[in-house]
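The letters A, B, C, D and E name the chains in turn, as written, and every chain counts its residues from 1.
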């Protein structure tokens, strides 16, 4: 098999995702302007349009401060955009809901709950029986490698451990759409690889839709159907790239697949080409 | 030039660093045991010995939760170890001082100060004139690519931007020893590369000693003279590896250097070999 | 040595306080400022008097009721104000208008509707306690990290549930600060509410003694109230420590750089 | 069985103290009717409580009662009298330090003078005495409020140049020495009535028998108090929580206020006081007759 | 946009006050309270407008304000200093904590006679009473605020070479500022109450004195004028404090 050419420059707003599935998330000409303390307007997102099909794994790449988190907040319904609309399953997003589960960059664990309490929180909220919720929580804690730390409070965990608890907490209540903001950013390579595989497994099994912010091009290519490249001029979408690699993916196999390497190199080159990523100095 | 063999298994406690320099930091049989809220003892570090020579760039690699941050806290003088001693220039470390500058994993910016105020804090504290401190701060803010955000408060910054402010704040007061805890963890690849180069430049110019925690093997090899590999069994040093690559280093050159690739592959393999990194599940 | 010093510190401080008082009163030679010893000597007669004990218990009962009512009312209100700008905008001016008015001045009107009995006094205690509790809850709720609330919302918590299950625990340390100040004010208002009209109570003993110029009894009562303060405070600290053990600082070194 | 809500205060209502502490000595009390006792700080709040309908009967001073009538729309009957200034007995006086240069009332010019309550019952006669000595009460002296309990200390500390004295503090101060009497209220008029018992008119009109029983017990209480001084000392000591020894220095002795043997109000003297208040501009002119109930007034036997 | 929000909030805040006034008028009109105890609001405000132009009343306000500010200022200075010192230094903590435990719950009014004799009948004794009562809420808030300061902030400052004693006011103080200001707000309200109370117990001027004299002679309207004045003062002072707070805490998260 030869190298499939990458089709860059796909129009933003064109459906993403595998096969003929319906768009589950539609972002339509969304802009976000913040008022700063110094009373100036700061544009975090300008005129973003994007649609994500059901069951798609979409990664968002972009320089620091380009508005990735803000975009996730809008899809999550946590902030309402200054202009434009975001829709989920055809309905305008007016607030957060258990159908969209966020994993925040800052973790936002509940400090008054132990690891177990944090992870059980969502299932209990969804009306699961305590016994069942605990079993589920323990399984997820085991998955993220924190068995033995169930009784620890967040303040007693290391950075990477907190991040894993945040991940487990969101996975625990099984949202349809996962909104993950650098969920593996604070992890060492091994834990990271391991959790990538686990995430893919869950995704393949439960047919979830995932919006995944990351800084690792390699991670984005490995995991995604589509990679959205954002740029800071300010906060807009530069390219949307289809990742046409076979599933299920195994890293050992992919590493030998020249298409995989080409995707990575091409995306990196695309970032290189844009002066946008150069730090002003 | 052929590939210099890696000499793994160097004894912990043996001096690290370039040339015949004096050890600037000596860690001697240090252990750290935490009392958890559930009143059990939790060993974060057990019997760590390490000495770092003046001017050395030492990276610490290890799985999440193995005690890297704790080790930096001890060198910083923020926590005193349960047993053992840490010395700086032959004197026992009893508390923090401006000779050792930390960049915390959680950033710990002063929320009541703007970006500029945060970065100017150290220089002003060192008795620098306000005008000069501001010039210096602005230069560092420019270096980390945040020109235009001087008046922003931390709550108005993205994750990566906060991290860069934290970095600039510590660099601003020019500590002899830098204690950096994943300082580039929340940054995109480009910003990261850029800042790696800047850091190396500063290090080479000012002959600083750097203790650098990272999760990227590639980053560790690229930057360091020595790589300390920690493991979680619990919190001890597994290997100390000399990185014998020419300086000044340029990534483009190194990428073509087989020794560089070999270091990376070898270190990754070493982590692979240890069951330690497997998540219990 | 150090281990011994810690539990003894409060005792030492009390002794120091008494000593300072003793010296000051000896130096001033003033009838209305008896020495610490004279006052201490007047404590046992009060405590062995059945009437006095009944009086003190009556006060404590009123205080407990007022305190409990105030918590039940103020914490929800404060949290609501902290999370909703319009509630805060609605309540703030009104509260700020009401609280500075001295209750003693309103006594005639309070008496008109509520009589001179327990209800009026409990109301005064209620007002005294609710002030700090409302404002600490308010500020505590305001400072709750937003992403925590977002996490809750994403798990399907309604606004009310978020208030109860996220804002309340997250703001708990701050709320408890308010409660502690409230507890102090409860003791004070418990006594002062009996200043004007009284049937029984600790204030009854104290103000009678004051009227009669029985200063050793006055100061003995002050000692007794102070001791009650210490006890209540100690109980409160235990409860607080248990409720917010998750928020205690992890390392105890950095703040102790003396 | 009905209840009367009664306000009381300290220090000089011995008959009520007896009713409070020795209820079994009274045949009706606790059997045909009940009393709900509430203690107040001074008479003015009790006037407010009467006006607000929170009390039925209460200790009053002529001035506070009159104020309640004039300003508060209160209607009340004076049903009994507690203490007054018996000629030869104690009279509220102003004291100065022994070594003070103040010898006469006129010397008070420009001085700081303490009074227990500004605008209170003693101020009318006090103002009258100042005027007689050629002083303008509003301008020539600096008046500060000093409660009776602290007046001795305030004087000794030099916080005031002259201060009013009342029992039991006067007795204590005299025992210690170092102070001297400058002038006393009886110089303004004899038989000043300090405190009396008043009941709300609408209450009396509605429950005449109840109030009658109450007044009967006040009369009886006054008799018991005067008849058995030893027991009275104990009763007062229980009420005031003050040792018997302290009370013994003055209570029901020559240096104490006077008490009518049957607690009968001296309406004539009260009228005279009202006139003084009117003269000194503290009140409009009032007729004491409006406070008089045709039948319900001590003595009732 | 910003301004409409502010006006909306002002309107929202005015609404309950208008309601209270209506309720007040209603209580009087429908005879739930006799005018001799609760005069109609119109009459009170009329009288207030009249009094506000009189020099003696202005002097009374000035006297009250002076005592209020002096007492409050003392309480803030001592409360914040002691609270932070106790949070920061174990020896100071060992001394201050028990003292606070004993002194805080004491009814300071009971000590007022002693203050009077020690400090006289002028401003000093009242200022002292105000300070004593407002002190502890401020002290306790400061103490708890300072003990919960994020440790890494302090570490950052220490590492930047801040001498330990400077850390107090360079880090602990600003970081504890939200809590301190909450304490101040409570202290301010208590100061308003207490200055009034002190003036009611004994004084020859001040709003409290105006009130007692009016109360003793049943001048209900005159009694309510100082009450309304003090509550308006409370509202204004609190507004000022609120402004200061918004400025000082502009970096902190808010709703």
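Quick note on the criterion: a contact is a pair of C-beta atoms (placed from the backbone, for glycine too) under 8 Å apart; a residue touches a chain by one contact, two chains touch by 3 or more.
Predicted model only: the values in this text are computed from it and were never measured.
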Which neighbours does chain B have in common with chain C?
A, E
If each step moves to a chain the current one touches, what is the fewest number of steps from chain B to chain E?
1
Selected pair, greater C-beta contact count between C-E and D-E:
C-E
Centroid spacing, where centroids are CA-atom means, of chain C and chain D in whole angstrom:
37
Let me have the rounded angstrom distance from the C-alpha centre of chain A over to the C-alpha centre of chain E, please.
49
Chain centres from averaged Cα atoms put chain A and chain B apart, in whole Å, by 28
Mind pulling the residue numbers of chain B that touch at least two other chains?
37, 78, 95, 106, 153
Expected list for chain D, residues touching two or more other chains, is 48, 51-52, 147, 149-150, 153, 157
Please list all residues of chain E that touch 2 or more other chains.
37, 113, 117, 151, 155, 158, 215, 250-253
If you look only at chain B, which of its residues touch chain A in the complex?
34, 36-38, 42, 61-65, 67-69, 105-106, 142-145, 147-148, 151-153, 156-161, 163-164, 181-182, 185-192, 194, 215-217, 268, 271-272, 277-281
Can you list the chain D residues touching chain E in their complex?
44, 47-48, 51-52, 64, 67-68, 70-73, 117-120, 142-147, 149-150, 153-154, 157, 159-160
Residues on chain C engaged by chain D in the complex (per definition of touch):
30-32, 51-52, 107-109, 111-112, 115-117, 195-199, 204-205, 207-214, 217
Complex interface listing, chain E residues touching chain C:
8-10, 12-17, 20, 33, 37-38, 87-92, 94-95, 97-99, 101-111, 113-114, 117-118, 133, 136-137, 140-141, 144-149, 151, 154-155, 158, 164, 167, 172, 178-179, 181-183, 185-186, 189-190, 192-193, 196-197, 200, 208, 211, 215, 223, 227, 230-235, 238-239, 252-255
Mind listing the chain A positions that touch chain C in their complex?
73, 76-78, 95-98, 100-102, 104, 106, 108-113, 121-122, 125-126, 153-156, 169-170, 173, 175
